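Just dropping this structure here.
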């Protein structure tokens, strides 16, 4: 069986908004950089194109229509996966393993600044019969409920969650493509208003625009094109359920997805074997849940390890050195793209001032946002 | 440009893929069940037919078309628990109307890559939720800046394509109407059919004009419904049955967004997809080697158009084959023996029930009254989608 | 050999519960109605911004790729076939040829229109073969339209133009 | 290469809206639930015939083993499992009256409901608080989830 590798990554952004470009032009800018890096011509060398998008985030009934031209995919096998970028990576992985493609391209983007009524769009994702019409609060409340539950069952304090914000926003200062990087302290975070008690405004990632494109290939081609392919060691994606009554509210989706990805990657003890991780932190408390789900620490230990600096950029297992979604912004379905991009840049040694030393295995994880309990994990390695 | 050519690794899969069970709900203009409940009903039947337990399902693929029908952001997530996606890897694929055949293609790579041995493919559509009319949801398929301000209706694009097809090949509407007559009659034998009936060519030509040349009886209706398929690896298939149906070729292709820049008379997106699928299935002469076909027929002319794209007829020849009865259920090349979308209904993605599922039933000789007269070994199903852009093709065979 | 699937000659199907629109209106079945407020403000981007600004001035702009030599409309920032940035802007004529047309009796919500309207794909003069846009035809009877008919744009008054595709009211036969 | 537009005044934005609306049927299980709620003010849950899991809100299928369910009646009372005070509305503007959302475990079931709390001082909120549903008057009920106005503490 062939192995699968990322041979090039291109991106555009990330910015709080992008008035000068349409979504097509953003995609073109990112894709062109990726092809340039790989030294390939998409019209000739790529077998399959995969885009990750949700219709209503874009404002279309069938967004698939508006994808091929800017990727160089005209009259080629192209499809849309309704999921995060990491689902797209998993699809490319499967297509290459099943021999349907030798080279596949995965794209995801966010043009969140095009959405005029984000709250109403999110509310549209709630079950219309059982929950959509209840109250008139912003759908963020659903995450706040989970946060409240998680804080009680796992004895997490407000300061510990504030630490996530502090760590990520400060990490983002070193990242030139992180629009929300800032030097903040625990006190600053605790001064932010509690908009969804106990959730503070600063703990919710604001939205931003951007696009990520990966070129993924089988072993032969990867070795031909580059001296340092980044191998996709394992992929995993998992859904818990979509009904709130059977949800675990403790990121079981990430636990199961990680289990699947680690199994494919042959990782037995993630805490020892994984060097760094990028996890979904679109709500600050989610980072703690997701670190735990990835097996990077044990239950009840995570928050105190976080406070001790275990997950800092100079800690044992750096998490979200990019600045995470709190520093870069909520990229909708491209969130996993930003995570995977950071892992690939770090492994390539192209991460600039935030470069980590001696890293070999990195994990990217993403969640499908409110109100779902689904997510994906990809393990990358040298 | 460092890569000179792609080395010939293609189609080296981990394992073959078999289909062992299919199911579908009845299709109606409006059903009381929620989308999740429809999925549940279809899956239950597919599992029963496959003789496999629910706990053996390893992964689930969901196919569903625009979110604006069911009225949900992240519709795939919404349908999750009724689709058997709870506590499993679950992924939704979406290529507009082409999803009906694309979802089983996604099921194919889930199994062929070796990640899953048993993969459930579910397709669902509940168009009736959308008001004032399901067609209204199609307002948003158009370019928001250049086309939506003209207040377009979905049917325009079909009418424009149909006119071009008729113009280039000098085809009369009477010849196209024969497809509507044939499919609606075929559908009389389908227990799930929504608009089966005995009609004549005159009925079609005299029906109410919608966007000429398209008239009421040239169009398939909006429907609610769901369908499911069980796709498995060879060793599971052997355990379940002696006669699984094998997927021998898959292909898909997406043409440019600028549909007004293309000559619409020929569906080159279908031709490209078919080329890929035939290459994989080692088919060189589709007209001879394919025994039964289910091309996508949301409009009567589309069946002809797609037959030509699939290489089952030469350009402009499909209406002649239809007139001569070649495509009838007892003909030499039965086309849409299920009754197709024109007869059974058009729940966009769930049309998998009359495309992939029907070919499965035909090849396993279990289509009952719909079974075609001739002996069959190889069948092809196809769907189309987006702004005349997507072709998705799957070739199946009852021989490995 | 775990199943008796051979017994099933023609597979059954799963029945659903068909209902009518009246059943919902008369509340025979329970239901929820929702009118969400979903709005967008899309950035038109470089190419379409220039195109729309051109329409405001009564001009139709296309773009040219020097590799494949195509002159394209609507304009785009890249040639999708050569996969490279386009090379220059080209002002096109406001005349064209009907490639295909339809006479529509219904509006976007499938409701009947008071008067049928004629919609066409019009290949713009000055652009490459087949390069067209979708627009409406006017000042012509439905039965007189044919494929290959030459047409000319009828513009709104300069003051009324706002930089939109509707700045062209319709196209009329020459 | 062509020159890019630099002046922000020449960059266009285009406003659009998704202006269709939707009518969702409550489905098999939903119809049972809402009719009982509307007519009799009763609460229905669904019990899996195979594994015995009691679903609330009710469903026609068990998502764990895909067998059918049977409908049983429950009290509708429950305990607060988690709560939050929402202060922003859909447009991220401050709400005049902040709303208290809660996950409420429903007695006699394995399920829960996400709904509002009312008649309660935010200071008295605690986990495990026992609450009961407050329904609209019978003639005002429409067979929707909003027929339950909110849950209030059992005094």
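Read from first to last, the chains carry the letters A, B, C and D; within each, the first residue is number 1.
Everything that follows uses one rule, which is that a contact is a pair of C-beta atoms (placed from the backbone, for glycine too) under 8 Å apart; a residue touches a chain by one contact, two chains touch by 3 or more.
Bear in mind that the values here come from a model prediction, so they are computed numbers and not experimental data.
Peer 1: Spell out the chains that contact chain A while also contacting chain C.
Peer 2: Per touch definition, common to chain A and chain C: B, D.
Peer 1: With contacts defined as at the top, give the pair, A-D or A-B, that has more of them.
Peer 2: Spelling it out, more C-beta pairs touch across A-B than across the other pair.
Peer 1: Let me spell it out: compute each chain's centre from its C-alpha atoms, then which one is farthest from chain C's centre?
Peer 2: The most distant chain relative to chain C turns out to be D.
Peer 1: On a C-alpha centroid basis, what's the spacing between chain A and chain D, in Å?
Peer 2: 28
Peer 1: I'd like to verify one number: the distance from the centre of chain A to the centre of chain B, where each centre is the average of its C-alpha atoms, in whole angstrom.
Peer 2: 33
Peer 1: Between chain B and chain D, tell me the centre distance in angstrom, where each centre is the average of that chain's C-alpha atoms.
Peer 2: The separation of the two C-alpha centroids amounts to 36 Å.
Peer 1: Can you work out the whole-Å distance between the CA centroids of chain C and chain D?
Peer 2: Each chain's C-alpha centroid was found; their separation is 39 Å.
Peer 1: By residue number and range, which residues of chain B touch two or more other chains?
Peer 2: 31-34, 44, 68, 71, 81, 86-87, 132, 136-140, 144-145, 256, 258
Peer 1: Residues of chain A that contact two or more other chains, please.
Peer 2: 19-20, 41, 56, 59, 68-69, 74, 116-117, 120-121, 123-124, 128-129, 133, 241, 243, 246
Peer 1: Can you list every residue of chain D that touches 2 or more other chains, as numbers and ranges?
Peer 2: In chain D, residues 4-5, 11, 13-16, 18, 21-28, 30-31, 59, 63, 90, 144-145 touch at least two other chains, as defined above.
Peer 1: Quick one: do these chains touch in a line, a ring, a star, all-to-all (complete), or other?
Peer 2: complete
Peer 1: Quick check: in the complex, which residue numbers of chain B touch chain A?
Peer 2: 1-3, 6-7, 9-14, 34, 65-68, 71-81, 85-96, 102, 106, 108-110, 112-115, 137-141, 143-144, 250-258, 268-269, 272-273, 276, 385-387, 389-390
Peer 1: Which of the residues in chain C come into contact with chain B in the complex?
Peer 2: Chain C residues touching chain B: 1-5, 8-21, 23, 29, 34, 40, 42, 44, 48, 52, 72, 74, 76, 80, 99-111, 116, 119-121, 130-136, 142, 147, 164-166.
Peer 1: In their shared complex, at which residues does chain D touch chain A?
Peer 2: The touching residues are 4-5, 8, 11, 13, 15-16, 18, 22, 24, 26-27, 30, 55-57, 59, 63, 81-92, 95, 99, 101-103, 110-116, 122, 127, 144-146.
Peer 1: What does chain C use to touch chain A in their complex?
Peer 2: Touch list, chain C to chain A: 32, 34, 36-48, 76-78, 80-83.
Peer 1: Hey, which residues of chain D end up touching chain B in the complex?
Peer 2: Within the complex, chain D touches chain B at residues 14, 16, 18, 20-31, 59-61, 63-66.
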